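Below you'll find the structures, each written out as structure tokens.
Shared chain: chain A. Partners: chain B in the first complex, chain C in the second.
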Partner chain A sequence: MIGGYAGKYLDVDLSTGKVDVRLLDKEMVEKYVGGGGFIAKILWDQLPPNADPLGWENILIITTGPMTATLAPTGGSWYVGFKSPATGIYGEGRGGGYFGPELKFAGYDTVILRGRSPEPVYLYIEDDKVEILPADELWGKDFFKTVDMLEEKYKGVRVLGIGPAGENLVKFACLMSDRYRAAGRGGAGAVMGSKNLKAIAVRGSKDINVADKEGFIKALKDANKTIFEHPATAKLLPDYGTSSLVNGMSAFGAFPTRNHRSGVFESAEKISGETMAETILVKTRGCYSCNIKCTRYTMVREGEYAGVESEGPEYETINAFGARCGIDNLEAIAMANMNANRLGLETISTGTLIAFAMELYEEGLLSKDECNGLELNFGNHQAMNRLLEDIAYRRGLGDILAEGVKEAAVKIGRGSEKYAMHVKGLELTATEPRAAQDSGLGHAVASRGGDHLRPWSPAYTLFSFGSEELGLGGTPDPIVPDDKARVVALMQRVSTFTDMNGMCKFTVLCNTLAPSQLAHLYTTITGISFTAEDVMQSAARVWNLQRALNTIKFGITSADDTLPHRFLNETAPDGPAKGKVVELDKMKKEYYSLEGWDDNGVPRRERILELGLDFVAEELGK
Partner chain B sequence: MAKKVVANKEKCVGCHICELACSFFLDGVFNPKRARIRVESGYNALDLPHVCFQCENAPCAETCPVEAIVLDNGVWKVDKNKCTGCGECVDVCPYSAIFLNLTGEFAVKCELCEGIPCKEYCPNEALFLEQ
Partner chain C sequence: MITVTVRLMGNLIKISGTSSIQMRMEDGVVIKDLLEEIFRLYGEEMRHQVMDSSGKELAPYYKILVNGRNFNLLLGFDTPLQEGQVIHIMPPIAGG
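Coming up: the complex of A and B.
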């Protein structure tokens, strides 16, 4: 018996209403583990390369990993995969909360959603009962209301779904679960909306088995000990959440400010985790099976935003709605965060779009009339909150911004492309790459475009969280390109693996758990023998399969592995990286060579064969 | 005073690790619907662990029509052979801390197992043993 997995998946055709229950394939498990591995393999095998991302032929995959719904630390993850409407390439995201484990308790590792329902529907799963039901009453409702209505109908149910942004096909609408958890950068919510699917409600009562119980307890105790001793997972994240990074990142000159003009925000302290703890923090929480506990539950008690309550805002959200928009009002950021959650807007991209519009307004490229009558200066938090809703409902300028920053710049013209902060159409994130060169490389080559988490290498290059097992030691210099390709490649491996196995990246983000510990947990739960090398190799296999999808099927070339104009041509105006641009070409060349990719960025045949991806080799050079 | 597991709801983070630990160490599988401790997580920062209070005058035992809930060394235990799964104890427990098993055949509750894994694995010291 293979432990950890539920062993079955659902294949749902929304066009016909047909639901099939299928057994999980052993080879699928052994070679691709779960999460992003399952997603990449299913998309490779089943997605027509030229599929319209918002057409019936796109496939939306909701999946888990073998650690999901177990005691493995942070074993609460679910993942979503699709062809992205924002980028036209590989799309993937990871969510926490409670939905993923509940899906497994219902007996399913994965749900594949195909086609397009003729009418709005939701999917209801309760163990062996799977129903596609009319969603007339839910359609048009925000996500909070959607959760309330489904919970009232089915006691103890866990809900994943979309808000109005997804229904309105906003290209960066995300999936939401459990009210406040989000996933699916690049428009998973729009894909779900295009399928006329509002929500998935699930409750389950089945067992998840463990192959080697005694061995697992040992692996678990060892991993927990490391988590409770490592400064990132024992102190920073539990004490101040992800926003513990705000002050440090600004001091490093790596906290993007005013649409990435600078990496130093003069008012960082006012929007920091420390300030949050003293003002709007109500309670510390954790996702399912999480012993890191980074979630903040917050409530604004007074002033114009009184009554706003939500989980978060997280580090990325604080930067996106805060520094990047020149806003130092934490309560206004909390408002934007709550509304993004309610409306189903992904906060990183939404903040990037608003910061982009603010810079165009200040540069005189957009008039007040064109900005829905808003004085869209950096720092105007009332305008930011108004524009956020206009994006979700596609009103005026919001309709243009809802296309994503790459397409919005094309629509606006007037030289605005220069201010569009994205890679391959996915908006950039809360790390200033001139101050952490590795992060420039990471963003440029990641599978889903401007990715902030695969890897978040500044944990090592800025904060010196190293790893003996990975060979990352000492105090690296973040503003030189040397050795950064190696750092990025290594850290990509471990974060890719935690995006496959059902755990949260925060167990490896700051190199807390080592590959050998991940291997030990995986081996004892599943009964499939894995070494640290197998962890790295399976992650490399999945990473390269994602790359093969992008290059062979979706037409990505080396020219797409680039960064916005600003980082390559404008020097950082202040902070430790003052006078620097990103030296991308040197790092990229080294990275391609380490990965075994040719000058066009396509994985070489020998690399593909070495990773056991023979079916990819067959497509090479066709 | 009886020994019992006591929960501090202010410290509970809603991770449900106690449920996983309970089902894993007592049933050998992960399944919160087998657990003898259950956390109710709302979306308003309220996480409420429910676990047997080992009441002195236990309404569950008093209500049980077949006297299947018996005191053993200060701990209330369910005699599975006697229990008919009628669920009356579940209805009267003021702490919502007794449950029917998966198949509805008998009641389950915290009987203070050895090692108390729910407490051991709680990541935020929200559970403790009172005696």
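Coming up: the complex of A and C.
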């Protein structure tokens, strides 16, 4: 028997109310592992390529990996997959907390949601009992309230769901779980809202078997030893969380400021992890089976935002609502973070949209009247917090911004496209690519659009966290394009694998755990023998399947693997990259060649066959 | 004489009680001289944090940036200092 998996999945048709329980396929497990691997394969097999992302044909997949619900370090992950309404291509996200393990304790690795319910509903899962129930009372409620109501009804339940932003089909609405955990950049929340599904509440009482218990304990000890010895996971993430990056990224000129005009924020210190630790931090928290505990629980005790409490804000959120909007008020950022969580808005995209509107206002492309009467200058934190709510409820300018920055720029016109910071329709994240060229390449070629996590290569190129197994050492030069294609491709593999196996990327983000350690954990949990090479190969298979979906089914070409005008045409005004643009073409050419993709960015037949994706080869050149 | 700004982060702020120091140095000084001056000002605890046990190399994963450039990409400890530069002394940083 294969360990680590619950062995079953739910197939739910919301149009008809039919729920099927199906057995997990052995080939699916062996070739695609879980998480993003399952998502890519299900979307390839079952999604009509021209499906409207907000139509009934789209499929929303909630899944886990073999390490979810085990004692593997950070084994609390769940994943969501869908066709993105923001990009029209592959959409995927990872969430932490406790929802994923609970789903497996109920006996399911995956839930596939199809169709559209005629009325608002929620899904209740308790072991073998699976019910689709009316959600009239939940619809319209924010996510915190939704959790409160479901927890009151079902003791000990874990909840995943959407806030008003998802109901209102905001194209960067996310899924929330466990109150504060978010996932699904690119509009997973809107897809769930379009299906009239408010929440999934789950309770389970089953166990997950591990194939080789003794071997697993050894693998676990070894992995935990590394985690406890590596400065990123032993010290910095526990002490300051991801916000430990703020000062450092700004020092490297890589901290996007005022809609990416610059990478140096003069007030970075005021919104840094160090400042947070001294002011609003209450305690640290962790997800299921996590010893790193990077999560901050914060509370604002005085001033205009007194009373705000939430998990976070994390690094990305601090940048999005802080430097990117020219805001140096940590309490105002905490407020925006809490409201985004409550309303179900994904913080990175929301901050990007607000920064975009601020730049248009400052450039005279939007008037005060058009900005819902707000003086939308960079730095105006009251205006930022107002506009955030206007986006969730699609009021005035908020209705335009709710379409995502790519579409909003089309609607506004007036040359605003050049201020729209996105790749393929997904808003950019908190790394200034002129100061970390690898990050420019990573964003340009990532399978879900402007994504910083597959990989977060600045861990190596800026912070010098190398990896012997990956052949990454020394001090790389972040502002030149040399060798960056190799770095991106290698680190992409490892983060793709953690997005398949049920762990959190923070175990590998700074090259903490090596591929051989991931292989050891996987082998002992599942009983399927895996080497470090198998880790890299299975990640390559899944990465290429995602790419094949994007190119063959969704029509992405090399021209889409690009960056906003600013990074390719405007030189960095300050910082160590002053005078530089991103040298994307050179890196992209090398990257395509390393990946085995043709000039148009489509995986070549030989590469596809070598990865065992014969069914993709059949579609090539059709 | 030249003036440079030294910025400290993370645990180094706790040791020094400050995140930013303006330092007046002789013309022609290099990073090594600057570090010695900082250790003189803030004591041995600072030295033990920033340097490894040999006292000749930075402690693992510590970094020094000169105007945002890792000093390993320049002349390391022998990198000359110039008027107005910003020097970051950075403990390991993580996130994403």
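We adopt the following convention: the second predicted complex is superposed on the first by the 622 of 622 C-alpha atoms of A that agree within 3 Å, B and C clash if a C-alpha of one lies under 4 Å from a C-alpha of the other, contacts with A are read in each partner's own complex, and residues count from 1 in each chain.
Note that a residue touches a chain if its C-beta (ideal position, glycine included) is under 8 Å from a C-beta of that chain, and two chains touch if they have at least 3 such contacts.
Since the model is a prediction, treat every value here as computed from it, not as a measurement.
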| item | value |
| --- | --- |
| Touching partner for A:286 - first (chain B), second (chain C), both, neither | first |
| Which of chain B and chain C A:206 touches, first, second, both or neither | first |
| More chain A residues in contact [chain B versus chain C] | C |
| First, second, both or neither for A:309, with chain B first and chain C second | first |
| Touched partner set for A:575, first chain B, second chain C, both or neither | second |
| Chain B versus chain C as contact partner of A:347, first or second or both or neither | neither |
| First, second, both or neither for A:70, with chain B first and chain C second | first |
| Which superposed partner A:505 touches (first chain B, second chain C, both, neither) | second |
| Chain B partner contacts - residues on chain A that touch it in the complex | 69-71, 76, 98, 105, 147, 178-180, 205-210, 213, 224, 282-293, 295, 297, 299, 309 |
| Partner chain C, residues of chain A touching it in the complex | 231-233, 235-237, 239-245, 247-248, 251-253, 264, 269, 273-274, 294, 314-316, 435, 452-453, 456, 459, 463-465, 474-475, 477, 505-506, 509-510, 575-577 |
| Complex contacts: residues of chain C adjacent to chain A | 7, 9-11, 13, 19, 60-61, 63, 65, 67-70, 72-73, 88, 90-96 |
| In the complex, chain B residues that touch chain A | 13-17, 20-21, 24, 27-34, 41, 43-45, 47, 102, 121, 123-124 |
